[in-house]
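Chain nomenclature is as follows: A, B, C and D, assigned in order of appearance, with residue numbering initiated at 1 for each chain independently.
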């Protein structure tokens, strides 16, 4: 049902509403991450000790906020280049958004269990799925000619390769040590610069 | 109070705000579905077992996310075809949205209780109510001449008939077996294609 | 700081953002009402009994959803008639919105405690405060000349008088019987029509 | 990556989406503050006593709602003066928003623990961090020439100095008495007027 011909007059408005639904969802998902932090409910005397145990949850919160923020920036750039939508794009977008909205669950697991591999593995798989779904959105928009004339989605193969390497590598590492798995994610930043040089691609 | 004559100059703006309230509500309702998933809070050693018990909740989450997404697409298509609103439309829309916003409750019931008929029956009744309310919105817009000139709401009788058949049928089946009731919902997809052929209607 | 002279060029945009903040808040407050319903977490065999105890919460949910919806309609009509904003309007609006956002608390109390006067009294006071704050917004907009030329806020004195009578009367009645207090709220609808005839005012 | 030259044609739209993401986040953060209030779940006979214990939570709610509202007003004024965005501004904005979205946590601590210094100190540090991040946003927008021609961010050095003095002073005071620390925050209002006279600056 791709609208490859003339764009109907209300397409701009429709795209605007998809934008607005997606934006709303991104900002709500980002804000709901705060609910993954269990505010201590202890006798007043034990408060200081209980506050220490908030630190892993806070770290998980900031990691997930950055994830939502970065995916939102990419998604927003992408939607800004579309000239039309079709039903497959809308469906793919909903699937992508359903995973964005689910992010508080792996975040809460990550913040609550320090010494298990499972939360790190689940979180890494989650990021890989989100990244693959965004790629699928880009791919469909290109092949169904939904981009506005003269627009191209910045490939950012360096960024994608960096995210994939760092998060895929963290899965086996998490079984050695959950902390080691999480540290591995930080590698995405330097790796991106390395890959950008190798590929000669411009980072957005 | 239907404005059947000339549309006052601020109607576009007003419709825009109803759109924005509705969109906001849809995206928040979709995102709040994540709260229907109880993230396990168990000793670290029992984590893997507890994660297995997340699966029914995750399934219920994705079903409800699809429900919100599909109703949002229909609602958004509908509002895009209006030229004006009236107070009955606003009221009907609020009633419809109050059921959309309530969806986390049947979703949580569905994910938490595997072996009872009640959650499946409640969920199916919920979908039938949502579907009937959307039909009532369409019906009122048509009879009060609120549609923009030349616009018609795609009937999608095939889709409605498929949803009604599958969800109504699931109610007696849930008393035989809750799982059987849920599987029955999947029938909505093939049924829609069958009905579309029978009715010769185009599916949106 | 009322801008009574020429409206600066970016006022429309600013008003748009206040609109958007307010709309967002209204739709989130409406959606968060669902969190005031405690989804039963009982052994599977006790589910049917536990579902019965959901009914007062559901009733409270629909009452509060209607409250948010009606206040939103009035607020939205009001903002559609403004030509400019000033800092006092922004402050009053924030105070009003802080009470809208607080509505889940009296809603949860109302749904959870059936046989106490306190929740009914708190809820009624809440509605009176919201109604007074909205009146204060209207009053300030008029006296600071913030309305667009030729625009007037529909007085709806009948509606206000009906809400005030029904909710003020419910406070002493709640001490006789909490249920009687709640039934009294329903009087707002017929009272509005009576007052509308008496005052000769048009209901919006 | 500052776009100091000609503004690309889609910058307005992009800024609009950043606005919309930020606005959404502010209104959701404001609304989620209600979740920091623990609605009492006690036997019906103990309700009146339990309602008294809601008061500190309500106070913390209104303080935080005012904080979100005031920061939103400043942020909204600021974004209204931008002609373009760059990636550093987007990143700083996300960091700022991640702290806005985190506000329910210190709010819940403040409302739950009456007699400890830690919640007051955490809350004060939080406000200082938010204030510093907003200043950093302003500073970057100025130095990267992102402001629209002829626009200047109102310095409000008086306001900033008042907030900094009152909240920084409250930290040592909280160790003397948590209540004294909180009362100290109220000083921000009179201090602002004093500083405004001293600096001769106009308060927004």
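Observations
The working rule: contacts are C-beta pairs under 8 Å (C-beta built on N, C-alpha and C of every residue); 3 or more make two chains touch, one makes a residue touch a chain.
This is a predicted model, so every value here is computed, not measured.
The set of chains touching subunit B and also touching subunit C is empty. Least step count on the touch graph, subunit B to subunit D: 2.
Rounded to a multiple of 5, the C-alpha superposition of subunit C onto subunit D involves a rotation of 90 degrees.
Of all residue numbers seen at the subunit A-subunit B contact, under half occur in both copies; the interface is built from largely non-matching residues.
Of all chains, A has its CA centroid at the greatest distance from the CA centroid of subunit C. Centroids built from CA atoms put subunit D at 26 Å from subunit C. The distance from the centre of subunit A to the centre of subunit C, each centre being the mean of the chain's C-alpha atoms, comes to 37 Å. Computed from the mean C-alpha positions, the centre of subunit A lies at a distance of 26 Å from the centre of subunit D.
Of all residues in subunit B, those that touch two or more other chains are 20, 24, 28, 32, 35. Here, these are the chain pairs in contact: A-B, A-D, B-C, C-D.
Taken in their complex, subunit D has these residues touching subunit A: 10, 13-14, 17, 20-22, 24-25, 28-29, 32, 35-36, 87, 90, 94, 97-98, 101-102, 104-105, 108-109, 112-116, 118-119, 122. Those residues of subunit D that touch subunit C in the complex are listed here as 19-20, 23-24, 26-28, 30-35, 37, 39-41, 44, 47-48, 51, 54, 61-62, 65-66, 69, 72-73, 76, 80, 204.
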